[in-house]
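The block underneath contains the structure these notes are about, expressed in structure tokens.
Per-chain residue numbering starts at 1, and chain names A, B and C are given in the order in which the chains are listed.
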Amino acid sequence: MNKIYIWVVLVLVGLSGQAQMVEKSKKGTFLLKDATLHTITQGIIQGDLLVRDGRIAEIGIINESGASIEIIDCSGKHVYPGFIDGGTTLGLSEVGSISLTQDYRELGDFTPHMQALTAVNPNSVSIPVTRTNGVTTVIAKTAGGLFPGTAALINLHGYTPGQMYAGFKGVQMNFPSSGKRGRWDRRTPEEIKKDGDKAMKKLNDIWDKAVQYAAIDSAANASQQKISDYNPQMEALLPIVRGEAPLLVEVNKDIDIKNAIKWLEKNKLKAIFTGVSEGFRVTEELLKSGIPVITGPVLSVPGRTSARYDVSYKNPSIMLKAGIKVAIRTNETENVRNLPFNAGFAATYGMGVEEALKAITITPAEIFGVENQLGSLEKGKIANLFVSDGDPFEMKTEIQYLFINGYKVPIESRHTLLYDEFLERDPGVKR
Amino acid sequence: MTHSNHLRRVFSLLLFCFLWVCTGAAQNSDDAKEVTTTYFIKNAFVVQKPGTLLPNTSILIKGGLIHSLGPNIEVPFDAKVVDADSMYVYAGFIDACSHTGIAQQEQKDRPRVKDPGNPPKHLAGITPQNTVRNAIGEKLDKSMKDMRELGFGFVHVIPRGRMLPGQGSVLSTGNGKPEQTLIKENISQFAQFKPARRMFPATTIGVMSQFRDLYKNAEYSNAYLKSYNLDPKGLERPKHSEELAALFPVVNLQMPIFFYAPRVKDVNRALILNQELGFNLVLTGVRQGWPLMDEINGNNHGVVLSLHLPEKIEDKSKKEEKKEEKEEDKKEGDEKEESAETKMLREKKKKSHDEYVGQAALFEKRGLVFSFSSLDTKAKDIRSNILRMVEGGLSERGALAALTTNPATLLGISNVAGTIEQGKIANLFVSDKPYFDEDAKIRFMVNDGVLTEIEEKKKKKKGGSNENVSIEGEWKYNVEIPGNTQSGLIVVEGKGDDMKIKVNSDEDPADFTDATSIDFDGKNLTFEILVEGISYAIDINIEGSEFEGNVSVGEFGSFPMTGNLKDSPE
Amino acid sequence: MKKYIASLSALLMCLSGMAQEMGSVLIKNGTVLTITDGIKNNTDVWIKNGKIKEIGQNLSADRSTEIVDAKGKFVMPGIIDAHSHIALETVNESTNPITSEVFVGDGLDPQDVAIYRALAGGVTISHAMHGSANAVGGECETIKHRYGTWDPDDLRMQGAPRTIKFALGENPMRVHGEGRNITPSTRMGIEQVFRKAFAEGRIYKKEWDDFNSGKTKTPPVYSRRMETIRDILDGEIIIHCHSYRADEILMLMNVLSDFGVDKICFQHVNEGFKVAPELAEFGAGASVFSDWWAYKFEVYYSTAYNAAILARNGVITSINSDSGELIRHLYHEAAKTQRYGDLTDNEALRLITINPAIQLGIDERVGSLEVGKDGDVAIFSGHPLSIYSIPEITIVDGIIRFDIENDPDDMRIDIDPEEKFNDSYIELDAEDEDRCMQDVFHELFFGALGKSHTLHKH
């Protein structure tokens, strides 16, 4: 596939200290000619698309030319906006079993001030592996206790977290669960309930204090004074308490979802639900709450042994059909590249291709308030997009060109480089 | 992983090895001695054996034996006469397999071995040479008394342990010294799919494999020993192994293996081993054997069904419904779908429950001969479970056979037990109504020819006003944590609002921790202790001198906790 | 000739087989993906008494035979998973670097709902494997997904060759070396575990041969462990070896060469692509993940193009699940080789049908749609390699075991008579799994192995 890059002298990172030549991303003006443009928001258009200054400069029939414009013939090819994964730990973990390479979980139960963006490794090997499947933007999130930290939306290109930042941050909360924590959880139902009650008490206690802190902060601002205490946790919660920013609430089990809705209503908070694997059981409550949902992985086993085998596949479509705003995530690290396939399964099991595409493009963009920048092919938006030879949900399809922030990013990752080197190894068996 | 280490550490702190203070072991010497051991049970309905009811029959008991029975027996001058008019006499029941009489083993420090792949045999749970005589020691556990009062006259007792705990013996439930109650010694090997703790065999599949190894080597050793004994010339001297030697009677088909097989998977595994190795198999403690009934039937294996049944379903579903209502705070009309699902789940659960309860009836219908075992069954549930099985279709006659004649045959004691016949051991009981009447009560027990009147238990008041019940004393507890059992003492002082509780642990018997949040309603006891900043919530139900429940440890989850009163307060 | 052997072995199976349930069904007018004999449009597949009796057009069966209308649908052989741990109560006896004495078939759990979920993904056979804690693990069992039975024996695929799990690299090093200070703690140590086992196996064999022939009088100690090693040396058991790095793969092939053992399929084998020519030359199989990597250091230098490189270098390659989740969509996992390596449709389908059958030594009976083979069939709404296709019917031995139209939602068999419905939900979120109890006792089994923060056991 990547034989056009055979000029790349490939040397394995880590196995050799030699310098390698890598094709770099390229900024410039690119004219995608004669493409099938899947705009998401304006239907499917046959035409051209111009990338300039990092943005989509024009869509339609474009007859610009010049030495500075790189023309890419896209006849028979398809252009899609870059896919957005609403929940990953990409960039925050390098090797799963080695804790020192993992940066998504800080100690403590109450750490909303932990910033995922700080720890994103722009050079994580997983990033090129991900984007070459058309995923250009992801939420990098923290994990752990009740308030594990603050997630950030990042584009999968750039040399610093700052360059990658895509305009949304959100404080995360893990809503206390009344489910078992796994197959090995030996707590009795009574104990699970007790633990849940305890966690709720803790949550309410934190929230009372957060509300109080916000009141003091307001008073301090009004009288042009400053709170003398250093309290970064409460500081982080201020915009949430004031309803200025949504809280990312991880919740999965039916009863927990209902309780979370009540809790959020009681405290008059804006929220985004994540996980929501049993959302299909509580669609009415979800719809009424108006809370958008980022669900997934779609490719997961049902949470109950008594549940029908395909409930995880169908969950997004059931929620969508009930009128709920649904985006899809992988909840993955190194295999965020499976986002289009998660969406593909949702499409197959009731959602339909068009809606499934939205669930990984414009819908998450809207949920994160970046719909003016990302999520569709529209003039003026950031040039996050890719060119494929077919339907990107189909495994047979190849992603052929990729643009992030207007950079033309090579379709190359450790995985493709190893392929290029080893497909026809020389020497083979015989020296 | 730090959690596990942490947990281990915390538990070690909680657990203790304490000194067994033998305060109440001595028998009261000032009790008046029995005046006579000749009894005359007058004019009763005698259920001589399943299906045979003798009306207006008297029984003369003498010298520990049934001397004679019939309508017209003379009353000897020295007999104590029991007027049993309109009462029913049954042969003492036979518990075909249990640990009755053997105290829960004390947990010492968790044994650590350098090489968990090659642990010493006894730590790996391989002690086929162990006997009930050794296991009981000086004193029978009080569980023997419980069984006696439930109408049981004999128990096939097996040692506690892991995969091969030892040999079983039949005991009379009489009140004598342990060795006097032994009726027939070392008649069986007990085996179970119970792995060792963090050493080989640490899993079921390890147990299966280890079992095969032992069996095969016992066969080879046995054969070699035979030829050596015939003519040792030129043969290496046999290497003696206690464990293998104990299995010789098994491989010679002189001793059956009672294989503990509660679930269908255990039954299957026992059958596999049996097919491969060919020993005499008695499937034991079977709770869920109906799916493999044909296989069991086809091979003429001994069958001992469990007296354990799942919780009764009616009260439970009501309770659950209430809980669900509370939790879901139902108000909207969308409960329809949910409740359809719940209803379906409830029906499935009920069906499953009924299958467990109906197992004995099904076996009977299929013509399988079976006995009963009280393994894993709480004493208080035994009778009600038998009645539930009868309600589930088991004939009374079949139930009675499974409690008397069938186990007598299985255990090879029908010449002395199982029916009320002249010359048999006088283990029997007198019930005020037919045993299978819901409100029947056992009035008299005769064990080894000694008659005891059973006092009617005081009915506990219902309605939660029982917090003044005293549970004072030292309670020994065991906590099952994965791969380990920990034990210690819960000391209760005072009652009602003045109740105080302290707890210690094996590791440090002197270090007691005081409990807080104590709550006791006459049955359910809850309290909390705090050790090194970790809170342990204990929630137990006390039944007589035993309790069970669990301890939950913060986020680590909960662990089953059982125990019993060490010594009743005087 | 091949057909003759197939029907002969089928006959032998019938004779030796237990009274396992067989069925008859006639699948009409489907697009039949035979795997070994091309694609046949508008064709019928007739299964009689559990075996494929005829493949052709306008077939008619006896009146009692169930008819499945497959017009517009795709009919393929039942999918085979060469690496899974479903239907098992116990996975790892991890107390010793060698546990060839144990057999996971002793711990089967036919009531595991995961079997049904696999059927709902078209999978009819899986290789229920011992875990990877030990250099020499236990024997594995090839099972047929005859879900609905209580009897573990019904799952066993009678006549399938014996297989055993070996493991290289981090897992045995961590459990025994790091965990207990017992060799192996390096890949050097692992090599010596094998060499010792095989050398002792030879001695064991000789001792028993001498005893059985009367040369010696004292019986040697009987050892299941050594019996199994001896049988490996005798070529009676196929080795399935958990492996990742190229060096350790070469190491094991060298050891096996030295002891004259040649039946081996490497499992996971993430760096197999680096030594694909050597694997091909040895005749070793490779059973790989479609795209798993980076869950530990030894899989950091991986590529999703592994399967394609191996296949194109002539290695018999399969895609496996090692997971109760992935096993539900192996057809999708196989299709990923078209994105990662441009395999053709048939090449991709072979990865989950005939190739795993070869690796398990059951290719004469299953893995393709041929007359005389077992009636194991998966019917899809569209081409199985398209993401838009849905598995609709799965047939094992001519019996419909999964039917999307007619099956109830709740397919559990063994229902806890004391269950609490409202509390049956299990959070599968990774971070929660990590906190839970599993590490206390699970650590020793498979918690610490591989991707410790999920349920993956590889």
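Everything below uses one rule, namely that a contact is a pair of C-beta atoms (placed from the backbone, for glycine too) under 8 Å apart; a residue touches a chain by one contact, two chains touch by 3 or more.
All of these numbers come straight from a predicted model, not from anything done at the bench.
Enquirer: Using each chain's Cα centroid, which is most distant from the centroid of subunit B?
Expert: Farthest from subunit B by mean C-alpha position: A.
Enquirer: Using only alpha carbons, which chain's centroid is the nearest to the whole structure's centroid?
Expert: Measuring from the global C-alpha mean, the nearest chain centre belongs to C.
Enquirer: Centroid of subunit A to centroid of subunit B, CA atoms only: how many Å?
Expert: Comparing mean C-alpha positions, subunit B is 56 Å from subunit A.
Enquirer: Please report how many Å separate the Cα centroid of subunit A from that of subunit C, as a whole number.
Expert: Taking the mean C-alpha position of each chain, the two centres sit 34 Å apart.
Enquirer: Which integer distance in Å separates the CA centroid of subunit B from that of subunit C?
Expert: Centre separation, subunit B to subunit C: 41 Å.
Enquirer: Going by the touch rule set out above, which residues of subunit B reach two or more other chains?
Expert: Where subunit B meets two or more other chains at a single residue, that happens at 327, 345, 482, 555, 557.
Enquirer: Where in subunit C do residues touch at least two different other chains?
Expert: 409-410, 412, 420-422, 435-437, in rising order.
Enquirer: Please set out, as single numbers or ranges, the residues of subunit A touching at least two other chains.
Expert: Subunit A, residues with two or more chain partners: 185-186, 255, 306.
Enquirer: Which positions of subunit C touch subunit A when the two form their complex?
Expert: Per the touch definition, subunit C meets subunit A at residues 113-114, 116-117, 120, 170, 273-274, 276-278, 280-281, 291-297, 300-305, 308-309, 312-313, 324-325, 328-329, 332, 335-336, 338-342, 385-390, 409-412, 420-433, 435-438, 442, 450-453, 455.
Enquirer: Quick check on the complex: what are the subunit A residues that touch subunit B?
Expert: 185-188, 190-191, 194-195, 255, 258, 281, 284-285, 306
Enquirer: Which residues, counting only subunit A, touch subunit C once they are in their complex?
Expert: Interface residues on subunit A, with respect to subunit C: 1, 12, 14-15, 94-98, 105, 125-126, 129, 133, 143-144, 174, 177-186, 189, 192, 250, 252-255, 275, 277-278, 299-301, 303-310, 331, 333-335, 337-338, 341, 344-345, 347-349, 393-398, 414-416, 418-419, 422-423, 425, 428-429.
Enquirer: Residues of subunit B touching subunit A in their complex?
Expert: On the subunit B side, the touching residues are 327-329, 332, 334, 338, 345, 482, 537, 539, 550, 552, 555, 557-559.
Enquirer: If you look only at subunit B, which of its residues touch subunit C in the complex?
Expert: 1, 3-4, 7-8, 115-118, 198-206, 208-210, 212-213, 216-217, 220-221, 223-224, 234-236, 264-265, 268-269, 272, 291-292, 295, 310-311, 313, 316, 320, 323-324, 327, 341-342, 344-346, 348-349, 351-353, 355-356, 481-483, 555-557
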